[in-house]
Every structure is written in C-alpha cells, then in structure tokens.
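Just so it is clear, A, B and C label the chains in written order, and each chain counts residues from 1 on its own.
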Amino acid sequence: MNKKILTLLILLRGSLLELWRRQDMWILVMLMGLFGLVALGARFTGSHSPAAATFMLDLGYQLAGIFAHFLTVILAVRQIPNEIENRTLYPLLAKPLDRDTLLMGKWLACVLGGLLVYSLFVVIVELVTPRMETYVFATLLQHLAVQPLSIAWAAGLGILLSLCLPRGLALGGSLLLVFASETLFNWLRDSISLVHALPRFGALNLATRYTDGAGALTAAEFLFLVVYPLLWTLFCLGTARELFRRRAL
Amino acid sequence: MKRYSLFFQLWILAALLSPRIQFRDYEEGRSRDLLTRVEVNQSALARIMGEFRTGASDMLFIKTERYLHSGVGYVPHLTEALLSVEGTDKGVEAHMAEMREGHEEEGHDPFHHEEEAETLVPTPGQDYRRWLGEMHRTVKPWRDPGLAHQHSDGKELIPWFRMMTLSDPHYIRGYIVGAHWIKRHDPEAAMKFVEEGLIHNPNDFQLHLSKAFLMLQEARRMGQGTLETDDIAVQGQIVRAKRYFQRAAEEMARVRPREVPGEDIADHPDWGTYHESDAMAAAHMAILLEERYGDPDTALELKTRYQKLMPGYERLQR
Amino acid sequence: MGLVARGVWLEAIRRKEIYVIVAVSCLFILGLSQLRFFGLMDLSKFYREVALKIMGAATALTVIVLGSRQLPREFESRTIYPLLARPIHRITYLFGKQLGVMAAGAFCLMLFLGLYVAGCLLLGAPIYPVLLMQHVFLQLCMLLILTSLCFLLSVRFSLDSAITFGFLYYLASSILSNLFLMLHESAQGAARVVITAFTWLLPQLILFDLSEKNVHGDVWGPLPAVAMGQLFLYALAFTTVYLGITLALFRRKPL
C-alpha cells in the first residue's frame, strides 16, 4: 500500500480512537437518547397524531444535524492545538509525514467522527418516530446526501479557525458560524447583499423541506447545493493548509 | 500570496452561488399550515419542548398566547374562525374592545373560547410535585384556569411578527396577523408590511385579501366612517381596494381544490375552513365592489364565474 | 479562602473567552435597545424578554466555563500542590473556588444588569425594581448550583465534557421538567415513583428564572419573601450536596 495512504490511515485510527474515548461524544449520545425518551414519552402519553409525529420527525432530524455538527466542530478545533500543546506534533512530523498529510488526516478523522455520530442519530430518529403523513423520499435522500458535505465543511472551518484563533474563540466562532449564520443571513438578505459571503450551513438543511412533504430538488438545483459546500470546504482547507505551512512550530 | 488569492476566489464563487441555494424558500408546507400547527402546538411533544420550538409558526403560538394573557402559559387552542383574515381582524378588534371596556362576559371577545383552557403549569390539585409545583406557580406567571383570563394589549407582539417574517418570509400568517396589530397604531406601516409579504409571496391570495381589506378600511377612514361619498380620493381608494379583492379572488381560484359533490371542501387536506372562509370573502367582495363601484356587466361575469367555482357558497347562488 | 477566590478572579480576568462572551452579550443587548419596529414607540417587552434571556445564558456560560476549568487546570499545571502544601483544608479550598467563580458570575450579571437598565431607560421602558432584584438574586442562586455542579462534573469528567454537560443541562433543564410533568400524567405505579424521585433529585433551574414576570411586570407583583427564602434554601441544599460529593471525590483523587 502506498506509504502516504498508510500514514493517513494510522492518523485516522488515532483520531477515531480519541473520539471513542472522549466523554463528550457519549454525552451527545445520551442527549440523543433523551430525545428518544421524549419522543417515546410523547407517544406514550397519546401524542401520535399525524401532525405531532411529523413534528417529532423534523425535530429528530434537526437534532441529529445539530449534535453531529457540534461534535465535529469540537473535534476539529482541538486537533492541531492539542497536538501542539501536548507536544505530540513534533514526533509526528519527525516521521516521514508532511504537514499536508497530517492536516488531511486530521480533517478526515473529524469528518468520519461526525458522520459516525450522524448515522447513529439518524438510526435513532428512524426507530423512535412514526411516519404518519406522506413524504417525498427523494427529498430525504437529498438531505442525507448533503449533510455529510455540511459536516465536512464544518470540520474544515473548525480546523481553519483553530489555526488563527485561540481555542476557546475558535470553538465559539465556529459554532456561531455553523448554527447562527443562516438566521443572520435571513434577517439581512434584503438589506445587505454582502451577507451572501457568509457561510450558510442552514441552506444545506433540507429536513423541514422533507417533513413538510415538499418535492425533491431538480438535478441542477441539487448540483448547486453540492457545489456550494465543496467550494467552502476547499476554501477552508486550502487556507488552513497555507496557515499551517507557514506556522513556526 | 498567490495561493491566498486563489482561495479568495473560491470564497467569491461560493458567495455568487449563495443566491441560488434558497431551497428552504418554498411556499406552503405543513410547518406553515395553521391547522397542523394548532394540532402540533397542543401535542404533548410541543408542551415538553416548551420555548425550544423555534419555528416561525410555533413562535406565533407561544408568543400570542403569552403576550395576550400577561405571560400566563395556556395550552394553545385557537379556533378556525380566528385563523381567517377577517377572523383575525375581528378577533383583534374585539380583544381590544374588551380591554378598553373591561368586559368579561363570555361571547363578547372571540378569544374567550379560552375560558377553562388548560394551563401549561398544572393546578395544585393536578400537580404531583407539591412544594416544587407551588414554587413553579409562584415564580412563573400563573392564574387559575377557572378564573377569567387577564387580557393585555397585543401591541407588544409586533416585534415578534417582524422577527417571524424575517426568519421565514413565506410565513404568511405572520404578515397577516402582524398587519392587523400594526394597523391599529400605524395603518401605513401595516400596508407596507403586507406589501413586503407580497414581494416574497406574490401569488398568495390571503395576502392580497389582507391588503384589500386594509385599503378598504383606509377608504372608510378617509370618508370619515362611510364609503358612500363623492370624494374622489375615497372613490380612488375603493377602486384600488377592488382591484386587490379581484386579484385575491383570481389567485384563490387558481389554488382552491376542485369541489367534489357530497364532500365538504374544508375536509380537503390542503384546504381548511379558514381558507374557505377567506375564499368566500375574496369572491364576495370582488363581486360586490365591482357591482357598486365598477361595471355591473363585469360584476355579473365574475358572479357567474365564482358561482361555478364555489357551488356550495349559498350567498353567491342568490 | 480569600486567597483562592482571588486566584479565580485573576484567572477570570485573564481568560479571553470570558471577555468574548461578555463583549458579544453586551453588543447584543446594546443592539437590541437600538431596534425600532415600524417606527412605533414604547415597545419594550421584546427588548426586555430577549435581553434578560441573553443575560441569563451569558452569565451561566461564563460560570460553567470558569467553574469547570478550576480543578482540572490546577492539576494540569500542578499549581494545586503548593496551594495544598499550605495549611488550607480542601473544603476551604473548594469554598474559595466557589466564592471566586460566584464573584466573577455576579460581576458579569451586574454588568449586564447595568446595560439592561440603561437600555430600558433609553426605550422609556418600565423597570420593576423589586422584581428585577429578585430575578438577579434567583439567578445568583442558580449560579451557585451550576458552579458546584461544574466542580463535580470536572472532577469526574474531562474539562471539555464538563463544560458541554454543564451547558446542556442548563439548556435542557426546562425540557426535563416538562417531560417529567407529561410522563407523570400517564405513568402508573413504580414509574410514577421513579419520575417523582427524578423531579426532586435534579435541580429545577426553571424556578430561578423570574424573567417572564419582569417582562409582564405591569400585571405581576414581587414574590413573597418566604418564597424567596425557600428557593434560596433549595439552591443551598443542591450546592451542599454537590460540593460534598466533589469533596469526597477530590479526597480520593491521587495528587
């Protein structure tokens, strides 16, 4: 196997092991369990009208997205600063491992971690929420296809901000951009056209469109939705790469 | 530096693509359907989630209930009559009249349907938490559901309507109810608010109807309480209102589901009683104003058209 | 105790995150007070509601970040050894830490309160002084519980997890209260006992939020002093239990 890929796999394994050991992942799993409990509780208390079931489905998908993005950002902002702080970065770079591979490995690990959690949460949602109205399955497929891209972008953004801001600020800034920028965009889009430069994670969330029973996007529309996070991810990773290269260790 | 400029170009490209990814901007949808939201907001899950329901429509339910009852949290239970454009107008007017006059008798205020409504924080007899429940009722605004409700002015709701429509420009209800509260203080601002809604939802018949009603009320105000005047300005305003009623009726005809003989159209999944009530108002007003202030032949044409469209609407068949 | 509390205070001043939380919240509150809706005057409930919520959340976040950081950082940077080498009892040390975190939280709350009052004056909005002071007092009681809870979490979990868990508990507390209410209605037998036990064993943070009465203060009067006293004792009980468990775990922790 190519030596570079092997190193990348080792890095991935290390980061995923770290994710497994981290308690915050389990806290999020517990919280998703709490959603399961609430959902089952609501069903148990006789709240299974079609409208309430759809509301529950929407809430479940929203929470799955929120928790997965939250965890991805937490993971991403501490990858490189932690390695520097614990001085584990030096032995890593002393091996025949260049900074680009290290950055890619860290990013991939965060993406995989986020995806793992997201998949788990989607399974929980599917298990606890009944489907009592008609939905367009293709819309769900589009939502599930776009969310991984959103997670990948969130990981890139977290890494980029962690390279130019102190850890706490990078975390706060990333969470703010991931969760609040779409709301800000909606508030200002009619008055300030510059808000289009904001990262719009919310635009990639088709969960409510799906639970509203709205139709799937056309091929061209879907293509736009795929290209948008790709451009942002490339921007984040590219800028992070340059910053990391120039960084004096 | 060259590389940074490349990344900057990627950013610009993403920004240019941004206006093309407004896929949450679709009209209608269950999350905006009023009857569905009434059902959802009464459900156990909604009560568990409390104020964590952040959708524009849920915010309307939470804030309307709380602000009109001085902060007391009741289980939402709006009736269909209050959901139509006219119902909203009457509801707001009567609510304010009651506040001014201090009436408490049942039936005067349409919001009185709430008597005996369940509170979100249970009564002492139903609360298993004993001391904790007592504290909960002390700390939060709470009133025995058996007592008459303490109503307060809905003017303070206006900022929430602004936030709702900014968050979701396709939330029609936010524009309609918001305009009816704003109009009490500034009719011009109310009109602008509905017009903003029409920019985002140019084909929505209820918004056109709302605008037409606002224009007609303005004409009545200009005519000092009557439309029967020779004042050119008043007549001009009536003609403009007539155009909007007709546009509302046209848009209604486009979206109203076809009536099936023997079935109530209000049972149609996409068409509630409040839709039908507004549909009737649009058709009726479009014909009436054309008859009185326009061309009688055109009025007859309109009547024939809407008689065919709404065979169940008795008033039109006369 | 004063020495330990002073150390916490100094750390709070040095942390950039705290500045950002405070600065962003201040900007929000100031921005809110500048908002005008359709040119209408005397609309203040929106401002009061959102500003009070921001105040509460930002202070809670500050206290959670600071409280969770205290013990792990001392172990990590090994500054706990010279401290404990002095004749300081661990309980005094913990009390000192609590005092320091509370002082920082109270400082933030007072800063926000000043801004809130300024905003109200600017908008010509009514202020209900007794209700407002009661709200501040109850918020401080809640911070007391949160601080001790974060100490406990930080002894048991990693720093990041303690912060995450602390903040999520703060956010989800009202959902849990509603959930118990709904579940109890339909549960029977042993399930009811379990739900009742959870209701009493978990701190009900909603009892420390008087913001709704402050928003609709034209209708609601201040709380009776007895209720305020009972709520203080309720907060004190949880704080004592949490500090007790923290102390027990802290004693067992190898230095």
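Everything that follows uses one rule, which is that a residue touches a chain if its C-beta (ideal position, glycine included) is under 8 Å from a C-beta of that chain, and two chains touch if they have at least 3 such contacts.
Keep in mind that what you see is a predicted model, and the values were worked out from it rather than measured.
Participant: Linking chains that touch, what shape results: line, ring, star, complete or other?
Facilitator: Shape = complete; every chain linked to every other.
Participant: Comparing the two chain pairs, does A-B have more C-beta contacts than A-C, or is it the other way round?
Facilitator: A-B
Participant: Calculate how many whole Å lie between the centre of subunit B and the centre of subunit C, each centre taken as the average of the chain's C-alpha atoms.
Facilitator: Chain centroid spacing, subunit B to subunit C, equals 38 Å.
Participant: Give, as an integer number of Å, the spacing between the C-alpha centres of subunit C and subunit A.
Facilitator: Their C-alpha centroids are separated by 29 Å.
Participant: Find the geometric centre of each of subunit A and subunit B from their Cα atoms only, then give the gap between the two centres in Å, rounded to an integer.
Facilitator: Going by mean C-alpha positions, subunit A sits 36 Å from subunit B.
Participant: Find every residue in subunit B that makes contact with two or more other chains and list them.
Facilitator: Residues 44, 48-49 of subunit B touch two or more partner chains.
Participant: Can you list the residues of subunit A that touch 2 or more other chains?
Facilitator: Within subunit A, residues 38, 41-42, 45-46 contact more than one other chain.
Participant: Listing for subunit C: what residues touch at least two other chains?
Facilitator: Residues 175, 179, 182 of subunit C each touch two or more of the other chains.
Participant: Which residues, counting only subunit A, touch subunit B once they are in their complex?
Facilitator: 38-39, 41-42, 45-47, 49, 51-52, 54-56, 58-59, 133, 183, 186-187, 196-197, 199-200, 202-206, 208-209, 211-214, 217, 221, 224-225, 227-228, 231-232, 234-235, 238-239, 242
Participant: What part of subunit B is in contact with subunit A in the complex they form?
Facilitator: Touching subunit A from subunit B are residues 3-4, 6-7, 10-11, 13-24, 26, 28-32, 36-37, 39-40, 43-46, 48-49, 55, 166-169.
Participant: Going by the contact rule set out above, which residues of subunit A touch subunit C in the complex?
Facilitator: 22-24, 27-28, 31, 34, 37-38, 41-42, 44-46, 74, 78, 166, 168-169, 172
Participant: For the complex, give me every residue of subunit C touching subunit B.
Facilitator: Against subunit B, subunit C makes touches at 35, 37-40, 43-47, 138, 174-175, 177-179, 181-182, 184, 192, 195-196, 199-200, 204, 206-210, 212-213, 215-216, 218-220, 223-224, 227, 230-231, 234.
Participant: Can you tell me which positions in subunit B touch subunit C when the two form their complex?
Facilitator: 44, 47-52, 66-67, 70-71, 120, 122, 128-129, 131-132, 135-136, 138-141, 150, 152, 155-156, 158-160, 162, 182, 185-186, 189, 192-193
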